[in-house]
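Encoded as C-alpha coordinates, the structure appears first; notes follow it.
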Amino acid sequence: MKIEGPAKAIAIYIGDSDHWHGKPLAAALVELAKKEGMAGATVTHGVMGFGARSRIHTTHILRLSEDLPVTITIVDKPERVESFLPKLDEMIQEGMVMTWDVQVEIYRTGKPTDSSA
Amino acid sequence: MKIEGPAKAIAIYIGDSDHWHGKPLAAALVELAKKEGMAGATVTHGVMGFGARSRIHTTHILRLSEDLPVTITIVDKPERVESFLPKLDEMIQEGMVMTWDVQVEIYRTGKPTDSSA
Amino acid sequence: MKIEGPAKAIAIYIGDSDHWHGKPLAAALVELAKKEGMAGATVTHGVMGFGARSRIHTTHILRLSEDLPVTITIVDKPERVESFLPKLDEMIQEGMVMTWDVQVEIYRTGKPTDSSA
(Lines give C-alpha, C1' and ligand atoms only; values in the text may rest on other atoms or scores of the structure.)
Protein backbone atom coordinates (compact mmCIF):
# COMPACT_ATOMS: atom_id res chain seq x y z
CA MET A 1 0.00 0.00 0.00
CA LYS A 2 1.46 3.31 -1.12
CA ILE A 3 -0.10 6.20 0.75
CA GLU A 4 2.45 8.95 0.27
CA GLY A 5 0.83 12.11 -1.06
CA PRO A 6 -2.37 13.97 -0.14
CA ALA A 7 -4.16 12.38 2.81
CA LYS A 8 -6.56 13.13 5.62
CA ALA A 9 -6.07 12.91 9.37
CA ILE A 10 -8.95 12.05 11.70
CA ALA A 11 -8.84 13.01 15.39
CA ILE A 12 -11.45 11.36 17.61
CA TYR A 13 -11.96 12.83 21.10
CA ILE A 14 -13.73 10.53 23.56
CA GLY A 15 -13.55 9.67 27.27
CA ASP A 16 -11.44 7.01 28.91
CA SER A 17 -14.53 5.38 30.38
CA ASP A 18 -16.43 5.04 27.10
CA HIS A 19 -17.11 1.46 26.10
CA TRP A 20 -18.39 -0.33 23.02
CA HIS A 21 -19.77 -3.86 23.34
CA GLY A 22 -17.97 -4.39 26.65
CA LYS A 23 -14.58 -3.18 25.49
CA PRO A 24 -12.88 0.23 25.85
CA LEU A 25 -14.07 2.39 22.97
CA ALA A 26 -10.55 3.56 22.12
CA ALA A 27 -9.43 -0.05 21.64
CA ALA A 28 -12.56 -0.83 19.61
CA LEU A 29 -11.83 2.13 17.33
CA VAL A 30 -8.20 1.08 16.79
CA GLU A 31 -9.33 -2.46 15.98
CA LEU A 32 -11.92 -1.13 13.55
CA ALA A 33 -9.29 1.03 11.85
CA LYS A 34 -7.01 -2.00 11.60
CA LYS A 35 -9.77 -4.24 10.25
CA GLU A 36 -10.66 -1.61 7.64
CA GLY A 37 -7.04 -1.46 6.55
CA MET A 38 -6.39 2.14 7.53
CA ALA A 39 -2.75 3.23 7.26
CA GLY A 40 -2.26 3.98 10.97
CA ALA A 41 -3.86 4.82 14.31
CA THR A 42 -2.45 6.19 17.56
CA VAL A 43 -4.18 6.54 20.93
CA THR A 44 -3.02 9.26 23.33
CA HIS A 45 -4.20 9.95 26.86
CA GLY A 46 -4.92 13.48 27.96
CA VAL A 47 -4.52 14.66 31.54
CA MET A 48 -7.31 17.24 31.58
CA GLY A 49 -10.06 18.41 29.29
CA PHE A 50 -13.68 18.91 28.47
CA GLY A 51 -15.72 18.42 25.37
CA ALA A 52 -19.11 17.41 24.13
CA ARG A 53 -20.04 16.48 27.71
CA SER A 54 -18.82 19.86 28.94
CA ARG A 55 -17.11 18.70 32.09
CA ILE A 56 -13.56 19.44 33.20
CA HIS A 57 -11.64 16.25 33.74
CA THR A 58 -8.30 16.22 35.44
CA THR A 59 -5.74 13.88 36.93
CA HIS A 60 -2.60 14.08 38.94
CA ILE A 61 0.35 11.73 39.05
CA LEU A 62 -0.70 8.39 40.53
CA ARG A 63 -4.33 9.43 40.76
CA LEU A 64 -5.93 8.20 37.58
CA SER A 65 -9.57 8.90 36.97
CA GLU A 66 -11.78 6.79 34.78
CA ASP A 67 -12.95 9.54 32.51
CA LEU A 68 -10.00 11.43 31.20
CA PRO A 69 -9.82 12.55 27.58
CA VAL A 70 -8.54 10.08 25.02
CA THR A 71 -7.57 11.06 21.47
CA ILE A 72 -7.37 8.60 18.58
CA THR A 73 -5.59 9.87 15.46
CA ILE A 74 -6.06 7.95 12.20
CA VAL A 75 -4.52 8.76 8.80
CA ASP A 76 -5.13 7.54 5.25
CA LYS A 77 -5.93 8.69 1.74
CA PRO A 78 -8.87 11.12 1.54
CA GLU A 79 -11.23 8.65 -0.16
CA ARG A 80 -10.47 5.95 2.42
CA VAL A 81 -11.10 8.41 5.26
CA GLU A 82 -14.43 9.37 3.66
CA SER A 83 -15.46 5.69 3.58
CA PHE A 84 -14.32 5.17 7.15
CA LEU A 85 -16.15 8.09 8.81
CA PRO A 86 -19.71 6.68 8.54
CA LYS A 87 -18.56 3.58 10.43
CA LEU A 88 -17.80 5.80 13.43
CA ASP A 89 -21.29 7.19 13.57
CA GLU A 90 -22.82 4.46 15.71
CA MET A 91 -19.81 4.06 17.99
CA ILE A 92 -19.39 7.69 19.07
CA GLN A 93 -22.24 8.31 21.53
CA GLU A 94 -20.48 11.26 23.10
CA GLY A 95 -17.44 13.02 21.73
CA MET A 96 -16.02 14.83 18.76
CA VAL A 97 -14.54 13.73 15.45
CA MET A 98 -12.60 16.17 13.27
CA THR A 99 -10.62 15.81 10.05
CA TRP A 100 -8.05 17.91 8.22
CA ASP A 101 -5.94 17.74 5.09
CA VAL A 102 -2.39 16.50 5.43
CA GLN A 103 0.43 15.39 3.19
CA VAL A 104 2.02 12.00 3.89
CA GLU A 105 5.75 12.57 3.27
CA ILE A 106 7.12 9.17 4.36
CA TYR A 107 5.30 5.87 4.96
CA ARG A 108 7.72 3.04 5.43
CA THR A 109 7.33 -0.54 6.58
CA GLY A 110 10.95 -1.30 7.39
CA LYS A 111 12.08 -2.57 4.01
CA PRO A 112 15.20 -0.53 3.15
CA THR A 113 14.32 -0.63 -0.56
CA ASP A 114 11.35 1.54 0.32
CA SER A 115 13.47 4.67 0.45
CA SER A 116 13.08 5.92 -3.13
CA ALA A 117 10.44 8.56 -2.18
CA MET B 1 -24.65 24.31 20.13
CA LYS B 2 -24.18 22.83 16.67
CA ILE B 3 -20.54 22.99 15.61
CA GLU B 4 -20.38 20.38 12.87
CA GLY B 5 -18.81 21.83 9.72
CA PRO B 6 -15.78 24.03 9.10
CA ALA B 7 -13.86 24.77 12.29
CA LYS B 8 -10.44 25.72 13.58
CA ALA B 9 -8.12 23.86 15.93
CA ILE B 10 -5.77 25.71 18.28
CA ALA B 11 -2.68 24.00 19.68
CA ILE B 12 -0.97 25.79 22.57
CA TYR B 13 2.56 24.64 23.51
CA ILE B 14 3.70 25.68 26.98
CA GLY B 15 5.74 24.23 29.85
CA ASP B 16 4.50 22.15 32.73
CA SER B 17 5.88 24.67 35.22
CA ASP B 18 4.17 27.72 33.73
CA HIS B 19 1.70 29.35 36.07
CA TRP B 20 -0.95 32.01 35.82
CA HIS B 21 -2.17 33.78 38.96
CA GLY B 22 -0.88 30.96 41.16
CA LYS B 23 -2.44 28.13 39.18
CA PRO B 24 -0.94 25.85 36.51
CA LEU B 25 -1.24 27.67 33.18
CA ALA B 26 -2.63 24.59 31.39
CA ALA B 27 -5.51 24.41 33.89
CA ALA B 28 -6.08 28.16 33.63
CA LEU B 29 -6.30 27.86 29.83
CA VAL B 30 -8.78 24.97 30.00
CA GLU B 31 -10.91 26.93 32.47
CA LEU B 32 -10.80 29.99 30.22
CA ALA B 33 -11.86 27.88 27.23
CA LYS B 34 -14.71 26.46 29.27
CA LYS B 35 -15.81 29.86 30.54
CA GLU B 36 -15.77 31.24 26.98
CA GLY B 37 -17.97 28.34 25.86
CA MET B 38 -15.47 26.75 23.50
CA ALA B 39 -16.54 23.37 22.10
CA GLY B 40 -13.71 21.36 23.65
CA ALA B 41 -10.19 21.35 25.11
CA THR B 42 -7.70 18.58 25.79
CA VAL B 43 -4.39 18.78 27.67
CA THR B 44 -1.62 16.31 26.80
CA HIS B 45 1.76 15.90 28.45
CA GLY B 46 4.85 15.50 26.33
CA VAL B 47 7.89 13.53 27.46
CA MET B 48 10.56 15.58 25.70
CA GLY B 49 10.76 18.74 23.67
CA PHE B 50 11.96 22.25 23.14
CA GLY B 51 10.33 25.39 21.92
CA ALA B 52 10.31 29.11 22.33
CA ARG B 53 12.67 28.72 25.28
CA SER B 54 14.97 26.57 23.18
CA ARG B 55 15.81 23.98 25.79
CA ILE B 56 15.53 20.22 25.52
CA HIS B 57 13.27 18.80 28.20
CA THR B 58 13.05 15.13 28.91
CA THR B 59 11.65 12.69 31.42
CA HIS B 60 11.84 9.02 32.18
CA ILE B 61 9.29 6.81 33.83
CA LEU B 62 8.85 7.82 37.47
CA ARG B 63 11.21 10.75 37.11
CA LEU B 64 8.96 13.68 36.35
CA SER B 65 10.48 17.05 35.80
CA GLU B 66 8.65 20.27 36.43
CA ASP B 67 9.12 21.71 32.99
CA LEU B 68 8.08 19.19 30.40
CA PRO B 69 6.07 20.25 27.35
CA VAL B 70 2.32 20.50 27.69
CA THR B 71 -0.03 20.84 24.71
CA ILE B 72 -3.56 22.21 24.95
CA THR B 73 -5.78 21.58 21.92
CA ILE B 74 -8.98 23.62 21.57
CA VAL B 75 -11.55 23.40 18.77
CA ASP B 76 -14.50 25.55 17.72
CA LYS B 77 -15.99 27.43 14.78
CA PRO B 78 -13.53 29.77 13.02
CA GLU B 79 -15.16 32.99 14.23
CA ARG B 80 -15.19 31.75 17.82
CA VAL B 81 -11.53 30.81 17.60
CA GLU B 82 -10.71 34.27 16.22
CA SER B 83 -12.45 35.87 19.22
CA PHE B 84 -10.70 33.54 21.64
CA LEU B 85 -7.11 34.03 20.46
CA PRO B 86 -6.62 37.61 21.77
CA LYS B 87 -7.55 36.39 25.26
CA LEU B 88 -4.47 34.14 25.18
CA ASP B 89 -2.11 37.00 24.49
CA GLU B 90 -1.54 38.04 28.09
CA MET B 91 -1.42 34.49 29.46
CA ILE B 92 1.26 33.05 27.15
CA GLN B 93 4.53 34.57 28.38
CA GLU B 94 6.61 31.84 26.78
CA GLY B 95 5.39 29.31 24.28
CA MET B 96 3.73 28.86 20.92
CA VAL B 97 0.15 29.00 19.69
CA MET B 98 -0.79 27.68 16.27
CA THR B 99 -4.11 27.22 14.46
CA TRP B 100 -5.26 25.22 11.44
CA ASP B 101 -8.44 24.58 9.52
CA VAL B 102 -10.39 21.44 10.36
CA GLN B 103 -13.78 19.95 9.64
CA VAL B 104 -15.90 18.83 12.61
CA GLU B 105 -17.55 15.61 11.43
CA ILE B 106 -19.30 14.54 14.64
CA TYR B 107 -20.01 16.52 17.82
CA ARG B 108 -22.30 14.65 20.13
CA THR B 109 -23.39 15.18 23.72
CA GLY B 110 -24.75 11.73 24.48
CA LYS B 111 -28.33 12.17 23.35
CA PRO B 112 -29.03 9.25 20.95
CA THR B 113 -31.38 11.43 18.89
CA ASP B 114 -28.33 13.48 17.99
CA SER B 115 -27.23 10.97 15.38
CA SER B 116 -28.87 12.44 12.29
CA ALA B 117 -25.62 14.05 11.05
CA MET C 1 13.72 34.49 15.02
CA LYS C 2 10.23 35.65 14.09
CA ILE C 3 8.08 32.74 12.97
CA GLU C 4 4.57 34.12 13.42
CA GLY C 5 2.53 33.69 10.25
CA PRO C 6 2.08 30.79 7.82
CA ALA C 7 3.96 27.69 8.91
CA LYS C 8 3.99 23.93 8.58
CA ALA C 9 3.62 21.25 11.23
CA ILE C 10 5.37 17.90 10.90
CA ALA C 11 4.09 14.84 12.79
CA ILE C 12 6.45 11.85 12.89
CA TYR C 13 4.99 8.50 14.03
CA ILE C 14 7.55 5.94 15.13
CA GLY C 15 7.89 3.21 17.78
CA ASP C 16 9.26 3.59 21.28
CA SER C 17 11.87 0.91 20.58
CA ASP C 18 13.29 2.52 17.44
CA HIS C 19 16.90 3.55 17.76
CA TRP C 20 19.36 5.58 15.73
CA HIS C 21 23.08 5.15 16.32
CA GLY C 22 22.49 3.62 19.73
CA LYS C 23 20.11 6.29 21.00
CA PRO C 24 16.30 6.39 21.10
CA LEU C 25 15.13 7.63 17.70
CA ALA C 26 12.68 10.13 19.24
CA ALA C 27 15.53 11.79 21.15
CA ALA C 28 17.73 11.74 18.05
CA LEU C 29 14.98 13.47 16.06
CA VAL C 30 14.49 16.16 18.72
CA GLU C 31 18.23 16.78 18.82
CA LEU C 32 18.35 17.01 15.04
CA ALA C 33 15.46 19.50 15.06
CA LYS C 34 17.29 21.54 17.70
CA LYS C 35 20.58 21.42 15.82
CA GLU C 36 18.83 22.55 12.62
CA GLY C 37 17.31 25.47 14.49
CA MET C 38 13.68 24.42 14.11
CA ALA C 39 11.21 26.53 16.11
CA GLY C 40 9.96 23.72 18.35
CA ALA C 41 9.53 19.99 18.86
CA THR C 42 7.39 17.96 21.24
CA VAL C 43 7.46 14.20 21.88
CA THR C 44 4.29 12.47 23.05
CA HIS C 45 3.79 8.84 24.02
CA GLY C 46 0.79 6.94 22.78
CA VAL C 47 -0.80 4.08 24.71
CA MET C 48 -1.98 2.00 21.77
CA GLY C 49 -1.68 2.06 18.01
CA PHE C 50 -0.54 0.56 14.77
CA GLY C 51 1.06 1.95 11.70
CA ALA C 52 3.49 1.19 8.96
CA ARG C 53 4.35 -2.05 10.75
CA SER C 54 0.67 -2.92 11.02
CA ARG C 55 0.68 -4.26 14.55
CA ILE C 56 -1.54 -3.24 17.43
CA HIS C 57 0.49 -2.02 20.37
CA THR C 58 -1.05 -1.48 23.75
CA THR C 59 -0.12 -0.77 27.33
CA HIS C 60 -1.78 -0.57 30.66
CA ILE C 61 -0.83 1.49 33.67
CA LEU C 62 2.49 0.30 35.07
CA ARG C 63 2.96 -2.19 32.29
CA LEU C 64 5.05 -0.38 29.74
CA SER C 65 5.97 -2.15 26.54
CA GLU C 66 9.03 -1.32 24.52
CA ASP C 67 7.25 -0.63 21.30
CA LEU C 68 4.44 1.78 21.91
CA PRO C 69 3.71 4.60 19.47
CA VAL C 70 5.65 7.82 19.82
CA THR C 71 4.73 11.04 18.04
CA ILE C 72 7.16 13.90 17.43
CA THR C 73 5.58 17.19 16.37
CA ILE C 74 7.83 19.86 14.85
CA VAL C 75 6.80 23.32 13.61
CA ASP C 76 8.49 26.02 11.56
CA LYS C 77 8.12 28.18 8.48
CA PRO C 78 7.20 26.22 5.31
CA GLU C 79 10.57 26.67 3.62
CA ARG C 80 12.42 25.52 6.72
CA VAL C 81 10.20 22.45 7.00
CA GLU C 82 10.86 21.65 3.33
CA SER C 83 14.62 21.77 3.98
CA PHE C 84 14.28 19.67 7.11
CA LEU C 85 12.23 16.78 5.65
CA PRO C 86 15.00 15.19 3.52
CA LYS C 87 17.15 14.89 6.65
CA LEU C 88 14.53 12.53 8.10
CA ASP C 89 14.72 10.18 5.17
CA GLU C 90 17.59 8.06 6.41
CA MET C 91 16.48 8.04 10.05
CA ILE C 92 12.92 6.78 9.58
CA GLN C 93 13.29 3.08 8.76
CA GLU C 94 9.71 2.29 9.79
CA GLY C 95 7.02 4.82 10.45
CA MET C 96 5.09 7.71 9.00
CA VAL C 97 5.78 11.40 8.52
CA MET C 98 3.01 13.83 7.64
CA THR C 99 2.84 17.60 7.28
CA TRP C 100 0.05 20.17 7.20
CA ASP C 101 -0.35 23.91 6.91
CA VAL C 102 -0.75 25.88 10.10
CA GLN C 103 -0.69 29.49 11.22
CA VAL C 104 1.64 30.45 14.08
CA GLU C 105 -0.36 32.97 16.12
CA ILE C 106 2.02 33.47 19.05
CA TYR C 107 5.70 32.53 19.42
CA ARG C 108 7.21 34.02 22.49
CA THR C 109 10.48 33.52 24.31
CA GLY C 110 9.58 35.08 27.61
CA LYS C 111 10.66 38.62 26.89
CA PRO C 112 7.62 40.82 27.64
CA THR C 113 8.61 43.24 24.86
CA ASP C 114 7.87 40.42 22.43
CA SER C 115 4.15 40.99 22.63
CA SER C 116 3.66 43.38 19.70
CA ALA C 117 2.19 40.66 17.42
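A, B and C label the chains in the order they appear, each numbered from 1.
The rule is short, and it goes like this: contacts are C-beta pairs under 8 Å (C-beta built on N, C-alpha and C of every residue); 3 or more make two chains touch, one makes a residue touch a chain.
The model shown is predicted, which means the values in this text are computed figures rather than measured ones.
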item: Homomeric contact subunit A-subunit C: same or different residue positions, threshold half; value: different
item: Relative orientation of copies subunit A and subunit B, as a Cα rotation angle in degrees, nearest 5; value: 120
item: Interchain centroid distance [CA atoms averaged], subunit A/subunit C, Å; value: 18
item: Shared interface positions of subunit A, touching two or more other chains; value: 44-45, 100
item: Residue ranges of subunit C touching subunit B (in the complex, touch as defined); value: 7, 9, 26-27, 30-31, 33-34, 39-45, 64, 73, 75, 100-110, 112, 115
item: Footprint of subunit B on subunit A - complex, ascending; value: 10-11, 13, 44-54, 56, 58, 61, 69, 71, 85, 88-90, 92-100
